[in-house]
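Paired with chain B in one complex and with chain C in the other, chain A is shared by the two complexes that follow.
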Partner chain A sequence: MTLLAQTLIFGLLTGGVYALMSSGFTLTFGVMRVINLAHGALLIVAAFFTWWLWDRTGIDPLLLGLGLTVVMYGIGWVLYKTVIARVQRIDPELTLVASFGVAVAASGVLSLIWGTEARAATPSYFNTSISLGEIVIPRAQLYACVGAVLLLAALYALLRGTFVGRSIRACATSRNGAALVGIDVERTMAQMFAIGAATTAFGGAALAVLYQFVPDSHYVWIGRVLCIVVLGGFGSFAGAAAGAVILGIGEALTAAYWDTRWTTAVPYLLIIAILILRPQGLFGARHRLEGATT
Partner chain B sequence: MVAAAALALTAAACGADGGGGESGAASKEPLVIGMSLPLTGPVADRAKPGLEGYRYWVDEINRKGGMLGRQVKLKVLDDGFDQRTAISDYTKLIGQDKVDLILGTFSSDLNLAVAPIAERYKYVYVEPSGGADEIFERNPKYLFFAQPATTQKLPKQFVEMLKRAPADQRPKTVAFVTVDDPNTTQLEEILKRDLGALGIRTVLSSTYAQDATNFDAIVNRVKRANPDLVVSGAVAQDGINVVRSMQKLRFSPKMLYQVNAPTDPAYADGIGEGATEGILTYLGWSAEADYPGNREFVAGYRKQFGAEPSEDAANSYTAGQVLAKAVGEVGKLDQPAIAKWLHANTVETIVGPLRWDAAGRSQGEMLLAQFQDGKLRVIGPPSAATTEKVIYDKPSW
Partner chain C sequence: MIELRDLTAGYGGGDVLQGVDLAVERGSITCVVGPNGAGKSTVLRVISGLLRPRLGEVTLAGASIAGRSTPDIIRAGIVQVPQAGGLFGDLTVHENMLVGGHVLRRDRKRVKRRIAELAEAFPILGERAGDKAGDLSGGQRRIVEFARALITEPQVVLLDEPTLGLDPRASAVVFETTKMVQSLGATVLMVEQNVRFGLKLADHGVVMERGRVILADTAEALLARPDMSALFFGSTPQAGEAAEGREEARKSTAAGSLA
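Let's look at the complex of A and B:
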């Protein structure tokens, strides 16, 4: 029983962080129909910024992650204006290739600046935990998960309660309709992409504290993000959260009860099952096609 | 990745220069040595010093007039720690680029794939890493291992230490946490057998995939098994993550024997300064060893790269030493003759004198080392020990 409780706690704590990491990616797709393969690289960029600033200043890396949200928003905005928007005008599907190119370039630049050594931010609590009887809750995981959930709630509130959020949702439903009621679609798109990038700030900071990373760790993370999003349904905010928790718990259960060797295969097994049983994902809706923009 | 591309470009440019030369100038063309290293991917942090060890060796040999009177150039490709890429890289280097010589890559996983390619093309293949027995089982004639001993004998000194340990200090139970790699899985089999013979019972054996990132659930199994001794068969960063998870889960075994990760330059940073005390590992090379050329290597490397040489750097330097010696003795680029010479002779290197059996297994011994006061000290064999102190009861994290 303790083992099950402990395993579920591991799964939930990991899942919370996965959820934030995937939220930006799934929103960018849901609203803009852009599969941003540079999302993993943005996470790693944020992780490097966090590690570097933490190393220099000693400020708590997770707090740095909150501060970096603004920086990553800016990077996202620039990336949209210089690459994504231009490519999308030529052929929307090219954004897939372009964003992958950005990811590869980013990893090269990171290794030129910081080298290929494995990095990790190790604040005083990185290897400590809270004990509840026989159950242990790793502090770093707990803080990262709580932060991620709060940010997800803030993001949800932003989408639901503000004009920017309503514009974004309007564009997601119908770009032409949104334009007709006076929404600046181009600006909203840039904001959406930048918000998607901003979510990688805390996600990357959590990554820097919880895992070791090197410049091309982005392959692992974009793989995981894709799994979560396919699982939950492309474009669905709730789906990303559910997919992340299922994946987190699935990995932990496999390691605890089955065979540690199979842990990394779990995401792919889940995806195969989902594609057969419910191709649109758990929370995905079959999207209505709109002639002009798809 | 960019760095690798730049290297490849430089090397390609050199190749182009050579192509235009007149036949009379042929002997002045640089001698090209090809290799493909996992410069990106999960073991990139180890391949970097590995490449620097090769670079240091080349610079040194060029200062001394080169090989066979020709300057030496490296042609380095990046395989991203992928077996298929490594195979196609070496096939390309030998078959298409027609490099003069090749040198080996890192990890048993990659060398298992590459050694048969060298064998097929009859190219002498001195590997700085890759001691798993699987690699030598096909009785290769062109393969030579540049560390003192293969995996077969890797844990010998650790077992000897346990034999010497006072009965009340000897662990009674052991758990294995092993990455899925030919070297580490073989290590686990050997230790299960040898520790079993000492009456140390295996309470858990768990293997994880090379791309695993979440170690908490894996390590939680170890914690529940509560062994006295944990044997962590790691390849690189994964070992750091295993220790970090143990710390998080407040599980501090009385004894921890971990391979490969503790010699990673990022190790102490990764698990926290002060947490290294008492951790045991094997060493194929020691900066303090008195073998000819070792002091010069350590000092020269420090000067050139501004960092202490890692074991991987020393291993690639050794591979270079072995190849250079054999080519020099044979006096021409005759691969079968070079292989024959190596099978018949002993080469003095910075890891000690190396000689090989018919399949290329080196016949020396690995050292056993332990972190004491933040530094790795050799504790076995007693003849090579740099300290007499042995910590049997690792301080708790």
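Let's look at the complex of A and C:
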């Protein structure tokens, strides 16, 4: 029983981090209908930045992740202006190929700069934990999850309570209507894409603390992100959060009761299962649009 | 109030508008009618800044506004209520009003005051403030769209096909709401497929065909013309004849919507 409780808590903490990691992807799809396959690469870029800065300065990697939010926002903005927006004007579906190209290119650049050796940022609390009776909560997982949940709350508040957020949500519903109330739709799209990229900063920092990574790890992470959004229903913000928790718990249960090596297969098994049983995702078609922004 | 002179505009290589001349009187309701492809909605897109004119002039109270951005044009005093689907269905009614005040976002007190004022004229804004706009009926959505357009206290309201996709009851709501917008001091320029509905609502009528204004008169005089059907469906004999039957069918719908 203790093992089960321990496993569920561990899965929940992991799921919280996954929820942040997938939120930007979901937002980009919900508002722009762009499947950004570079999202996994953005997570790995943020992870490398975090590791490099931590290695140089010794500053807590999760705090570095917060600081990197601005950097990743800027990278997202440039990526949108130089690639996504241009390709979208030619054919919106081409963004899928273009973003995959960006991911491959980013992986190559990271390999050139930092090599293909596995990296990880291990702060002083990495191997410490908090005990609640018989249950042990690893500090790294706890801090990463708390940070991720706080950032998700901030993202929610931004979308719900600010003019920028309402503009983004308005554009998601009717770009023509948004333009007619004076919203600069193109600028709002760039802001939205950049916010999506900014969420990878803390997500990448958490990844750097909790996992080992190499430049090619973006394939694994885009696989996880896709699993989460397929589980929740493409474009559904609330669905992605639920999908993230399910994946986190699924991986934890697999590791605890079966074999750690099988955890990497869990996302793909879940995708196959959900596509057979409920292709529209757990939250269904009705929630796809509204969920993306609520 | 608004004047278009020799306006030419279009998309890609073609000119949809080919020298449009049009004048809208202050405080009036003017309705533009014409067959599909006549360029009616394009006129509104140019005035509201969504499409730059290639040639010609657009003036508001004598001042040129041609080619200015949509936010600038809203600040100058012109707003457009889009065709059906322009309401932000995922946002609440109150949030729709806030977004309507986007160009005033640095003046929150004014936005708040305007929402309170408009809620007196349109009670649904208060009664359904927290409800998602997408959950409202067709007529209610139109009311919110009209009210949203009035947040910035415009001098001119442009209406693009306000009855498109609405049933007769909702169309009647549009009729009353448009009159209310006029009574609140705004000048209205509307484009409407439902000719009889539009001209019964309007003070002035304008008929467009193939990117040009071919007739402008009082709405009453236009409605009384025996050749109105041919004017609406196109002046070529075949088009006019083919259109007669459709227009007859349309009359009953229009009459129903005004009943």
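Here are some notes:
Going forward, the second predicted complex is superposed on the first by the 279 of 294 C-alpha atoms of A that agree within 3 Å, B and C clash if a C-alpha of one lies under 4 Å from a C-alpha of the other, contacts with A are read in each partner's own complex, and residues count from 1 in each chain.
Just so it is clear, a residue touches a chain if its C-beta (ideal position, glycine included) is under 8 Å from a C-beta of that chain, and two chains touch if they have at least 3 such contacts.
Since the structure is predicted, the reported quantities are computational estimates derived from the model, not experimental observations.
Within the superposed three-chain model, A:Ala140 lies in touch with chain B and out of touch with chain C [touch as defined at top]. When chain A is checked against chain B and against chain C, the one touching more of its residues turns out to be B. In the superposition on chain A, contact of A:Phe163 is made with chain C only, not with chain B. Residue contacts after overlaying the shared chain place A:Leu3 against chain B, while chain C stays out of touching range.
Looking at the shared chain after the overlay, A:Val220 reaches chain B, while chain C stays out of its contact range. Looking at the shared chain after the overlay, A:Thr128 reaches chain B, while chain C stays out of its contact range. In the superposition on chain A, A:Asn176 makes contact with chain C only, while chain B stays out of contact range. Touch criterion not met for A:Thr57: it reaches neither chain B nor chain C. With both structures placed on the common chain, the touch criterion links A:Leu112 to chain B but leaves chain C unconnected.
In the superposition on chain A, no residue of chain A contacts both chain B and chain C.
Within the complex formed with chain B, the chain A residues making contact are 3, 6-7, 10-11, 14, 104, 107-109, 111-112, 115-120, 122, 126-129, 131, 136, 138-141, 211-212, 214-216, 220, 251-252, 254-256, 259-261, 263-265. The part of chain A that touches chain C in the complex is made up of residues 163, 166-167, 169-170, 172-174, 176-184, 289-290, 293-294.
Those residues of chain B lying in contact with chain A across their complex are 1-3, 5, 39-42, 44-45, 47-48, 80, 180, 206-209, 211-214, 216-218, 220-221, 224, 236-237, 240-241, 244, 247-250, 264-266, 269-272, 275, 397.
Those residues of chain C that touch chain A in the complex are listed here as 48, 50, 70-71, 74, 79-82, 85-91, 95, 98-100, 102-103, 105, 132, 134, 148.
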